[in-house]
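One structure is given below, encoded as structure tokens.
To keep things simple, chains are lettered A, B and C as they appear, and every chain counts its residues starting from 1.
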Amino acid sequence: MTRDGRTAYTLREIAGRFGGEVAGNPEIRVRGVGTLENATPECIAFLANARYLPQLKTTGAGAVIVGEAARNSTRLPRIVCSNPYAYFAKVSALFHPAPPPRPGVHASAVIDGSAVVPETAEIGPWVVLGRDVRIGAGCIIGAGCCLGDGVAIGGGSRLHANVTIYRDCLIGERVTLHSGVVIGSDGFGIAMEEGRWLKVPQVGRAVIGNDVEIGANTTVDRGALDDTVIEDGVKLDNLIQVGHNVHIGAHTAIAACVGIAGSSRIGRYCRIGGASGIAGHLSIADRVEISAFTLITKSIARAGTYTGAYAFEPHALWRKNAAQLRHLAELAERVRRLEKGRKPPKRSKP
Amino acid sequence: MTRDGRTAYTLREIAGRFGGEVAGNPEIRVRGVGTLENATPECIAFLANARYLPQLKTTGAGAVIVGEAARNSTRLPRIVCSNPYAYFAKVSALFHPAPPPRPGVHASAVIDGSAVVPETAEIGPWVVLGRDVRIGAGCIIGAGCCLGDGVAIGGGSRLHANVTIYRDCLIGERVTLHSGVVIGSDGFGIAMEEGRWLKVPQVGRAVIGNDVEIGANTTVDRGALDDTVIEDGVKLDNLIQVGHNVHIGAHTAIAACVGIAGSSRIGRYCRIGGASGIAGHLSIADRVEISAFTLITKSIARAGTYTGAYAFEPHALWRKNAAQLRHLAELAERVRRLEKGRKPPKRSKP
Amino acid sequence: MTRDGRTAYTLREIAGRFGGEVAGNPEIRVRGVGTLENATPECIAFLANARYLPQLKTTGAGAVIVGEAARNSTRLPRIVCSNPYAYFAKVSALFHPAPPPRPGVHASAVIDGSAVVPETAEIGPWVVLGRDVRIGAGCIIGAGCCLGDGVAIGGGSRLHANVTIYRDCLIGERVTLHSGVVIGSDGFGIAMEEGRWLKVPQVGRAVIGNDVEIGANTTVDRGALDDTVIEDGVKLDNLIQVGHNVHIGAHTAIAACVGIAGSSRIGRYCRIGGASGIAGHLSIADRVEISAFTLITKSIARAGTYTGAYAFEPHALWRKNAAQLRHLAELAERVRRLEKGRKPPKRSKP
């Protein structure tokens, strides 16, 4: 059931809402979305990645969303648009609206008397809201979430089950936090003195902007003194570590398993590939793309794509090449000697 | 206390159950299992890794399980078998059977009226079971677990404390989920349009087969449209990310900290080393082994071992070699010139 | 408000407690700590990283903590000491003491009759304490924590919300466990037999020493037979995996996202950079430093720094160099031939 209670739309109606051009029969009705591979005739599918072009020939979908380049690659009724993936996102959201809150506070929730919970919010079982917590209108706080003293959540946000937010952290509007997320845990601040680590108190906050989404089991540490900041529209995937005092610029998207060390500053509209790492105290410009599995050890001043993964090979070949890599500086020296017409030096066994 | 209430077994009795050949006194009784390093005379130890062969000389164990190759490496009473580690697993399970469920529902659990909970199941404190949840016979659902609407768990499964399963996900029989596991969180589906990310609704499920074990704090995202699928017998270690629409073939084992990006298909009987990564939309054949710390960026069509980690070195040596690596293409060109008898080009400083 | 109820201290008083030499007006009062960048005149800031030296000129702080080298780099009232970061840690802890427990057991906690909970401990909502659990004096057990049968926690420890500890694990004194931490989950012990994985029962414990801190969502597996051991003073950041039977020596510090495979032994006073990996069954000496993003595949017998990350480059340059890397062994062979005055071999396309 869609937002407006309807179960089907014609292509003409969809294009009326979201733009694009209908090619083929505009009165075709669709009742849902699907993949090219598995869609039924009642569904509309989409092509956003050329890799799946062959499936356009064989799909069982009743209609498709395609880009200009694929306009003539199918005879199916279709919507031609400039950005098929974004278009599909909107059509899918039409058929699958986010579930609204079921207002009310579960009897088991432990809510401090000073906390502010509007009537429009849904507070699940086993929720703990500390002193002076403020929950925005229309929020959904899932089962088992624990919000420390002074936490504030902006309107329309959703915390899935078992999210933990430490004291004083601020969460914006329309934010989604998935299960297992931890916001505001202590940063890794330790100082060695006479053979023992001293803890550096972590007294900053974590401040999350509007329209941020944070994936399951991702952790965002609070600042040591100043705040850790995640600006509006940032999207973080699962199992990411955001160190203390990191600053992530608006609309940056970060794939799973990335680690960002303390005090680094990442620009706006960056895209960071999975399992990458960013060392501490760096500055990354706007619109930088970092490939998967890449460690960034220096600041990056200019937009562009940066890569640093060792390409994989069959193991036997890798062994040979990796063994030589340990002698690369020596190899370069030998080439220099050859260029100068000198005799090769005696050398260690490769 | 073992499954059948006995506290000791002779080697003859053990070999009677599990096969293998007893060498030395078959009437030796053992009351437990231990490592070569720390076992007492009442325990049986095992040798499965040649690295520990020296410990076979010094062990305090009363008996050992060894392979054919080590048959004569000790005078201790021993069971000789073809697969000592598997044999040990069975002997250890004899002495340490999994704890059975303590049937009943804790008074604090919040269970929707439509949920199905058999009398043989154990439901811990603070559990939440949503609408139409179905729990199989003999399941143990640990404290604080939260199962969304429509979730089904097959018989004999165990969820340790604080597992979260989002709505509509399916879990097979005899599955073990460790604490902090999140199943069915939204995949990382976002589409950029006019400077903002649009969320792509994630409406597929995560479907987990029988005899799967998933380690602590591992996350398995639900599919975007079709399902994320983990087939029977898959073993996942801790802190792994399984992206949306990933398909993992039966009996594949994946070590900790691995990230698998969306829509990749991994074959059966694969073994994936720790902290590896698999990029999105790839296909990995059956019986592929991927070494630790390796990023897979292309599909792999053939069984075999694949590796891509940069071998570590003392830092000073690494600096020299890594510096040359930035000039490797240039170095190769210089060698080509030398081979052709041409003069070296002017070149940038190495 | 500080520990002793005071809100301000003069530099003279601070140096009286913690040592160091006051330069400039020792009667300056400070009411808190801050960063050079954002401190107000009522705050004392610190310089511990030469990277931030320029901020010493522009800071709004009323006083600063500096090392000997920066003694004359500012005219602000200052405390000159040998270890400014450790000094700062102590001053910050003076202004921000850890919150004391609020003794008492929340009405909702489920505590087995055999568990021992001293009157000085704080037990939060939705806590589960199993059979024979022992809680030390002055502990804080946060909301939703689940401690299995036989767990013991030493005095003065703090478990933030939603920590899970499996049965029989031992936690030392003054330990801090952050939210989402899982201690004592099963190690990844599986043995292949006839096409199926057999589970190896994990019957050892995880034993955590005194003064250990473990970051959010980090997992520490229990031992297979013997224990997993983390010695006194170890500091673990977030999202770290500690495999079964790992032994981490005292005062070792490990940054986020590191994976340590089973049975490896890490020395004392090691420092391990973020997102590194340590393969299984290795031995790492005391005082080894491992750089970020480095995979350790062999034991390390000597103190020193070890590195193994592929340095990142702009993508186009990376492509060229990474392509040649696949031919490195061949390139080395060609150089050997040149050195011997032989003709180049026919070779595959680079």
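The rule is simple: a residue touches a chain if its C-beta (ideal position, glycine included) is under 8 Å from a C-beta of that chain, and two chains touch if they have at least 3 such contacts.
Note that the coordinates shown come from a computational prediction; the quantities given were computed from them, not determined experimentally.
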Rotating chain A onto its identical copy chain B by a Cα superposition takes an angle, to the nearest 5 degrees, of 120
Same or different residue numbers at the chain A/chain C copy interface, by half rule: different
List the centre-to-centre spacing of chain A and chain C in whole Å, with centres computed as mean CA coordinates. 25
Quick one: which residues in chain C touch 2 or more of the other chains? 108, 126, 144, 162, 180, 217, 239, 257, 275, 309-311, 313, 325, 327-328, 331, 335, 338
Flag every residue of chain B that touches chain A in the complex, lowest number first. 108, 110, 126, 128, 144, 146, 148, 162, 164, 166, 180, 182, 185-186, 188-193, 195-201, 203, 217, 219, 221, 225-226, 239, 241, 243, 257, 259, 261, 275, 277, 279, 281, 290-291, 294-297, 304-311, 313, 317, 320-321, 323-325, 327-328, 331, 334-335, 338, 344, 350
Chain B touches which residues of chain A in the complex? 33-35, 37-38, 49, 51, 83, 85-86, 88-90, 92-93, 95-96, 98, 106, 108, 124-126, 142-144, 160-162, 176, 178-180, 211, 213, 215-217, 233, 235, 237-239, 251, 253, 255-257, 269, 274-275, 292-293, 309-315, 318-319, 322, 325-329, 331-332, 335, 338-339
